[in-house]
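Chain IDs A, B, C and D follow the sequence of writing; residue 1 opens each chain.
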Amino acid sequence: MVRVGILGATGAVGQRLIQLLEPHPDFEIAALTASPASAGKPYREAAKWRADSPIPSSVTDIEVTETTPEAIPDDVSLLFSSLPSSVGAEVEPPLAEAGYVVSSNSSNARMADDVPLVIPEVNADHVGLLEVQRDERGWDGALLKNPNCSTITMVPTLAALDGFGLERVHVATLQAVSGAGYSGVTSMEIIDNVLPHIGGEAEKMETESLKLLGEFDGAEVSPHDAEVSATTNRVPTLDGHLENVWADLAESPSVEEVQAALEAFPNLALPSSPDPLIHVFEEPGRPQPRLDRMLGDGMAVSVGGVRETPDGVQYDCLAHNTLRGAAGASVLNGELLLDEGYL
Amino acid sequence: MVRVGILGATGAVGQRLIQLLEPHPDFEIAALTASPASAGKPYREAAKWRADSPIPSSVTDIEVTETTPEAIPDDVSLLFSSLPSSVGAEVEPPLAEAGYVVSSNSSNARMADDVPLVIPEVNADHVGLLEVQRDERGWDGALLKNPNCSTITMVPTLAALDGFGLERVHVATLQAVSGAGYSGVTSMEIIDNVLPHIGGEAEKMETESLKLLGEFDGAEVSPHDAEVSATTNRVPTLDGHLENVWADLAESPSVEEVQAALEAFPNLALPSSPDPLIHVFEEPGRPQPRLDRMLGDGMAVSVGGVRETPDGVQYDCLAHNTLRGAAGASVLNGELLLDEGYL
Amino acid sequence: MVRVGILGATGAVGQRLIQLLEPHPDFEIAALTASPASAGKPYREAAKWRADSPIPSSVTDIEVTETTPEAIPDDVSLLFSSLPSSVGAEVEPPLAEAGYVVSSNSSNARMADDVPLVIPEVNADHVGLLEVQRDERGWDGALLKNPNCSTITMVPTLAALDGFGLERVHVATLQAVSGAGYSGVTSMEIIDNVLPHIGGEAEKMETESLKLLGEFDGAEVSPHDAEVSATTNRVPTLDGHLENVWADLAESPSVEEVQAALEAFPNLALPSSPDPLIHVFEEPGRPQPRLDRMLGDGMAVSVGGVRETPDGVQYDCLAHNTLRGAAGASVLNGELLLDEGYL
Amino acid sequence: MVRVGILGATGAVGQRLIQLLEPHPDFEIAALTASPASAGKPYREAAKWRADSPIPSSVTDIEVTETTPEAIPDDVSLLFSSLPSSVGAEVEPPLAEAGYVVSSNSSNARMADDVPLVIPEVNADHVGLLEVQRDERGWDGALLKNPNCSTITMVPTLAALDGFGLERVHVATLQAVSGAGYSGVTSMEIIDNVLPHIGGEAEKMETESLKLLGEFDGAEVSPHDAEVSATTNRVPTLDGHLENVWADLAESPSVEEVQAALEAFPNLALPSSPDPLIHVFEEPGRPQPRLDRMLGDGMAVSVGGVRETPDGVQYDCLAHNTLRGAAGASVLNGELLLDEGYL
């Protein structure tokens, strides 16, 4: 068992990480960090546990520490990070320098040239960028990122369609409130309402997607040359980001060919990679967030409403934003790092 | 005062029509029709009144009649119709033939060659198609339609931008439950959920928009040659359709030029036409359905989030779906018909 | 394995019954009935499946039949009924007469003198009333009822406190929309709203509770002599009825004694009876419908906020209305019937 | 015109106060205070305006000040306070000492012996306690409180029934999220959920009610001797507290007598006192928060579902929690103070 730590363990994604890691076949929770105000407390006191299952008994008494190399036990080798990006920017590099391998969900440094941004089923080979990172930075550890939750929902479907010549993407999102963190959206903002324009979200989708779909030549990642235009909305759902996608393609595949390409897109032999990766609905009106977000234990991407357009194809896709889109994404990246020999 | 009737007066849009027509300066409610099961009852018994204001006392005792030429008083000249489309298809033509002028919100016949489909601020001149209609059908009355609620929300903004050379539109909608009628969406379907793909809605947006933006040459309407691709979603809001629009343009106007064109798009001197017609938000995160749907007494269209794209412009727009998008649309068309001398 | 049938299998509770019975250790689904319009169709076509898990493959091809003795296979011995009460009143007696044992969730006949109304953990001995029923009616089969969902939520807690001398109960409910069936509450009724006064619900709670808590002397059930006053509300939650209870008691137990009595109330050695039956929260602000409705696989009752009042005790209780309160209640009653030798 | 100030003007109730005071016939907004961080900014910058109507232009440029006697102009005589209670406890007494008359919605000091707690239609005579207050404290100004929003909803109905001999009250509340302030309830807490046990709320209802219904003899207020037992819940509604009330009475009035007493309870000749004060619904299923909260411009109390119980009467009542229950309550108290000659 690899002993792992969770950075930012009291937050919404931190709690999801505990739920995923506690029963994990390869990882064992050995460290939980939070803000200085929580340090020194047992986890059950430091965290306001909000999940619909009880706190796993194995973590209730773990003493929460600060997020510093000194505070984390030496026998911990892998850290899962879901820190606010400003904190992540500050503490992740010294932790990687100190020898820890950091699988991070925080948005800082995602677009840095020597930081791999990875969805294992899409671009596992980008992990090789860690060699460049270690060379350049002189780190013993490593820093690897998963993308934004709204990006993750869409990119596996684009990867599956790239064989038809992906040229241009329009995407409108309908995102769940949990994507903003536990207190990110107030009830008075969202009851009987929709909030357009989530700050910074469209830009993340537009840039991260192209890095994920890009080519790694052993030295650097060349982003995909498609054009992505995103717009984002927050809607009154708890979990599950639904996205309306138009993919303009060089070729003109039929609906059946598109569905077949999506269904055939391979998963990986990692514990958290679902089979199938992409679930295709043929009946109209699916996927729906509440009904379909837990497909593949919350790690699948589902697609429906595929139809041809004059320039390519239009469809809807859905993924669970705090599982496939955040905590599960980091865990899956940790599994990939283990599989690739980085631990 | 023009004496008017409401066809389908007990339904959700029918109740909105009563709210709008009861205090109207030019129209006086003189007939209310409903299904045979309701005929003969006073309105207060026939309708399950669901608005957040009481039934206007002037209509409580009006006896509801069937929707036939015989049942409607002769001194009524204008009929507002919000019937189910299958019923509308059956009863509207004989009423128009019998001499009534019908301003209809029902979806039947919207795309018929000799039926004007009108948003007064956008294409008032299409009313002239009624002359063709009367010639061809030998009617004394007339049948005029307003478009679908999701179409109405977007088309004024497209009309305002057509001066920049509208070429292609992508639009994703986030539509309120009231658009499906009072019982159209159950609570179990929509709590903590989004329903993608509203049946038939995208097709209406794609075809109706081009007819509305088309040219009327005195004999027929030539649809606009832009390409419109729509996708639709139902979200847990009561009223107000929010739409994410990408408009590809021949020219490359700046954000300021786009905002100026939207704000400058003129309203009409009709009682229900708001001033301004299009309200432009510069601050991020607006318009929002709950906060902004009642702008201009529910008859304005609001726009926000304008930004340039490589091919044109992206923005969000919003209108109240049962006011500007349905009952108010029909009333405004009635005002136009009065102004143009058809009554 | 006992071969069982589900009457009203296409409805909301019927679908829950399928979810519970498909993996059941003692029961095997062998018949599904619905309205004449559905008869003859395979279940997957007859039912609009709405759960967040797929239709069990073992039932997809079962041909739905009408709800008559002739249509149900002879080797089926136990029927679970979730029919509309008017239909239940018509078809349940002939089925019981024809030899079927009917465990029914329908509200008809619950208060009939010779029909046992049972929550197994509360009044399993009332099953003995079936002997009276068979004597009086000359039935080979039997008809047994579970109470209303709102009644079930509260009664186990009252039974646990009856040792302190239950005298009077006030209860206010906050009930989920699923309690009204799939189409029972429209989205326009409940978004940003509460519906007070669910028709007939308070009366059921007031009468059914006293029968459940009553004494069976081998011949008849004498209702408990406490006074119950209920008021009911529908709130915008999907599942889980929360109830605010004041129980006036002859004795004056402390909060700790009340909590201990609740926690100590025994469950039964039946597959669907959870251990513990009653989950007591000491922290404030629990139970909550979304967080706690699935305790004990949806079969537990949870209690929180216990505090003393001048006349007894006040607390909140919660149960999952379509599991513990409906489908699970019927299944548990079926397990009791099997255990007691009625099958 | 009386020049008035608003203490805590940027909060949710502060914004409601602006909406009410801006068009007020007797009051003119002349000062807006907020926390030191906002002091010095024009109101439009200091406040995040969240209402569904624009900021009144007359206040947009008012410079926000700190909440101190020095910072408030001398020609302001009446202050409306909606400060957090800890801040109110600190700043309200010195302001009253400095000569300002303070009509406060903050919860501090509501139960103090020499502070009148007033709902004008219920206990306007308690204002006389201000003489005692001035004597005892040597203040030139005065401090008067309105009760908690959940208390205000119920007390007018209890006052109307007190002629039948009010003995005991049980009340369960279903409270809107706005009662917790703009950020008080997160979306993740309340979507598909109910939160029982609002901290401190039941105690306020139990004590404040008896003070409001008590007798003032010129020297002190003797609380009513009825017993009140409250329990509280937060539900997913925006505005409007619905409450289920059991009132045990010495007499046994009929439903009609109860309804007549409620309807006959008098309003006052003050600008914000609605006529009627109490709106009685005879049809089942009303009042409902979304449909009925704006009755009497949000200042009426509505009642429905009246029925007899063995010990008295049961009914539901509703009021708009930030209008009748908070901002409107303070304004109405200010009107009373003006009418009584305190300004």
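To be clear about the criterion, a residue touches a chain if its C-beta (ideal position, glycine included) is under 8 Å from a C-beta of that chain, and two chains touch if they have at least 3 such contacts.
These numbers were taken from a predicted model, which means no experiment stands behind them.
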Set A-B beside A-C; more C-beta pairs touch across A-B
Computed over C-alpha atoms, the centroid farthest from that of chain B is that of chain C
For the copies chain C and chain D, the interface residues, called same if over half of the numbers are used by both and different if under half, are same
Note: chain C sits from chain B at a C-alpha centroid distance in Å of 47
Cα centre of chain A to Cα centre of chain C, whole Å, reads 41
Chain D touches at least 2 other chains through residues 50, 191-192, 236-238, 290-291
Contact graph of the chains (line, ring, star, complete, other): complete
Chain B residues touching chain A in their complex are 170, 172, 174, 191-197, 199, 227, 229, 231, 233, 235-238, 242, 244, 246, 284-291, 304-305, 309-310, 314, 316
In the complex, chain D touches chain B at residues 50-52, 191-192, 290-292, 294
Counting only contacts in the complex, chain A reaches chain D at residues 12, 50, 177-178, 182-192, 236-238
